[in-house]
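This structure is in structure tokens; I'll ask about it shortly.
A, B and C are the chain letters, set down in written order, and residue numbers restart from 1 in every chain.
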Amino acid sequence: MVKKLISIFCASILLSTSLLGGCSKAPDESANSENKTYNIGISQIVEHPALDDARKGIIDALKEEGFVEGENLEIDFQNAQGEMANAQTIADGFAAAKKDMIVAIATPSAQAAFNATKDIPVVFTAVTDPVSAGLVASLDKPGGNVTGSSDAAPMEKQFELIKALVPDVKKLGVIYNTSEANSVVQVDQAKAVAAKLGLEIVEVGITSVNDIDQALNSAIGNIDALYVPTDNTVVSSIPLVANKCIENKIPVISAEDGAVKGGALATEGINYYNLGLQTGKIAAQILKGEKPAAIPVGLLEDTTLVINETTAGKLGITIPEELKSRAEFVK
Amino acid sequence: MAQLLDFSINVLQMGLIFAIMVLGVYITYRILDFPDLSVDGSFVTGAAVASVLLLNGVNPFVACVAAFVAGLGAGFITGFLHVKLGITNLLSGILVMIGLYSINLRIMGKSNLPLFSNETIFSLDVHPLVVIAAFALVSKLLLDFLLSTKLGFLIIGTGDNPDMITSLGIDTGKMKILALMLSNGLVALAGSIMAQYQRFADVGMGTGIVVMGLASIIFGETLFRRVSIMLPTTMALLGSILYRFSIGAALNLGLSPTDLKLVTCVIIVFALSAGNAHRFTGVKRLLKGGLANASIK
Amino acid sequence: MLQLSNLYKTFNKGTVNEINLYRGLSLNVNNGDFITIIGGNGAGKSTLLNLISGKIDPDEGAILLNDSDITHMPEFRKSKLMARVFQDPSKGTCPSMTILENMSLAYNKGKAYGLSMGANKKQVSLFQELLSQIGIGLEDKLHTKVSLLSGGQRQALSLIMSTMTSPELLLLDEHTAALDPKTSEIIINLTEKIVTEKKITTMMVTHNMHHAIRMGNRLLMMQRGRIVVDVHGPEKQDLTQAKLLAMFEKAGCEDAVSDRMLLD
């Protein structure tokens, strides 16, 4: 009997903790508009350097625009730890707490947020194709309560970079995780861009980090250079990819700069912190009263050329003067 | 207060959707004593089949049934590998999970399918909780009914003492395959409902499903096993709801978000040891002794 | 009704542990026979039952039941025609189910297992009657989970369940060996009662010389895969322990008689 009571007692403690916990982040409605504290929820799908950089950028941009955490801004940051069911729970929680805005980092978190609310503004970042994801009607006129910044890589610039650094390139391998929606979109895009520039794309598909070694082994004989899109799985193993390619004298061009620091040859690409800054500015606009429906989805026009000197040396590549002058070098 | 209600309803909805999956996992892990790892795959298969059908204008309820049938197929393959080809139970499940990954991608055509503008089972004029509860309760009641029939006894017996079932002249291999089919059918059904609830299907949405299922079962059993009139299926259902509550609690307690999984574990450990409170007799005696000594002055 | 013709069986073929157990074993079991089988360890007694029930297949030879060849029939199909009680009391019942549920399962043997109710409420009085025969109070415990019963209680239940639908052949594999002497007597008496009443052809492997001599109409002694002694009829009825031991000596296998057999 005692044990039964203990079980029921503990179950009730558990229930009340979670219910009370669910109440803890309600906005302070009694504040007047001058001293208004904005409550925003940030929903991120998983721990990842690029995504974390984007988040920092958002918070810094909001600060620049006058929304300072701890003063007039309360941030509730929740991480789904890779499980989509959790992304839904997080989004539902934010909606129930009637946050002033939800910031969603990566596609599944953005989709979950859009599902949870059609009223609260949702600002996304690190979503490569918001139209295919069903989040916006079009990039120019989102049309709903969702807008943000896309991390679509400026692929044409990047492929031109490849041609500048590796003039004889004909076959370009693209390595990506087949289950990352963003990556698949980029592969399709790559095929279109490559056709225009006279390159042939060789797809190198993997399902997890464990496949990378073998996949590269079979592909290396067949490609002149390798392109790494913004793919979470591949980027997290960039040292492995870079080393293997350097050994086999295959230049690696990546879509963002983190990979270059990890050993890839070069990128003309996105800096996720800058992407975050751009997203943060959009978020600030909305907090100041603009409607998401009218704010076009931002694309990062501002690209940075980053070249890895050590890798260039190992591959025996001479960097054209024109590129040297505007490049940022890393070792 | 309204926020509290919203939060509770959301957690209840997710808990009941996953409860259908937990019922499936219960059949294989508990009744059949067969660790079926293909569940991560068949959950997505259900979502994939239903989504593709919905995108082609098929009636949502028909899509759910189709998802269930797809799950039956997945379970059959696992059973076939184990019973007819003699592959171990663990490996059979793993092989099917791996295979389903590619199959799911092919079914969906791409890795993420949004369903924001499609008709779903939630397009009716009733609160989604009602729809979900209906699916969950009907699944549970049908399972309870099955387990009380002669066929159900055979399935239970196959997991309990296969030699005895063989001695009745029954092919235990067939029973195993049947149970695996039913289990994966339920899991796929849960997947199809989840896809319609979150309004997108993604090839990665099966990650962590089997762990969720097992944790829910253990949660429910440990807390309620002394409530003798409660059926195991009821415990599994409640376990699922409590598990989602604990995730919600962990998320809302404002602790470092990177520690979500650790915090969930701690909450579960507390709940589980509550069920084993009889082990703390030493502590109890100490407390009693201490208080008794204190009163004698 | 049961014919074993020229059975050959080798274990661990081609290895250091190779055992050529049966080299042309033949046996004829007549309808209504109650055969007790004794022998030392490794004599091949349990293996014989395994061959008959289908747990293992012979390398060569044939097994015929009522003139139909069942040599390579799968175990579950053979089980429809025979019943078996094992030495381990937990092997004959489903521990997580109640006595009523177990007996309902056994009662339905040979019929379809469909979607009708598993627990057979209609036959409760029959089940209680059968259980009261044993005299250990099981008839009042119909809703108890079998895992809560003692070894002796489970074995008694297994015996009742296996004979409920009157099998063609009953195989008893040292079914009292794991029980204490008192319970062992209860089970043996029960065995005798059921077999006599239902006239079931029975083969009983035992280590207990008393039981071997007292029960049944025929006694087999096995040694190293061969039947070395086969007595029936009046010769069996007049058997005493001393006479049996003399027979062993004559057959040239004193070493086959273990201490355990003598002391039981």
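The criterion applied here is as follows: a contact is a pair of C-beta atoms (placed from the backbone, for glycine too) under 8 Å apart; a residue touches a chain by one contact, two chains touch by 3 or more.
Quantities reported herein were computed from a predicted structural model and do not represent experimental measurements.
Steps from subunit A to subunit C, taking the shortest chain of touch contacts, total 2. For the pairs A-B and B-C, the count of C-beta pairs in contact is higher at A-B.
With centres taken as mean C-alpha coordinates, the chain found closest to the middle of all protein C-alpha atoms is B.
With centres defined as mean CA coordinates, subunit C is found 70 Å away from subunit A. Centre-to-centre spacing of subunit A and subunit B amounts to 31 Å, using the average Cα coordinate of each chain. Computed from the mean C-alpha positions, the centre of subunit B lies at a distance of 43 Å from the centre of subunit C.
The part of subunit A that touches subunit B in the complex is made up of residues 2-4, 6-7, 9-11, 14-15, 17-19, 21-26, 44, 47, 76-86, 88-90, 92-93, 95-98, 107-108, 111-112, 114-115, 132-135, 178-181, 184, 207. Subunit B meets subunit C in the complex at residues 146, 148-154, 156-157, 160-161, 163-172. Interface of subunit C with subunit B (complex): residues 74-77, 79-80, 83-84, 86, 90-97, 101, 104-106, 108-110, 112-119, 162. The touching residues of subunit B, counted against subunit A in their complex, run 3-4, 6-8, 10-11, 14, 18, 101, 105, 110-112, 114-117, 194, 197-200, 202-205, 207-208, 212, 223-224, 226-227, 242, 244-249, 251-254, 257-258, 260-261, 267, 270-271, 274-275, 277-278.
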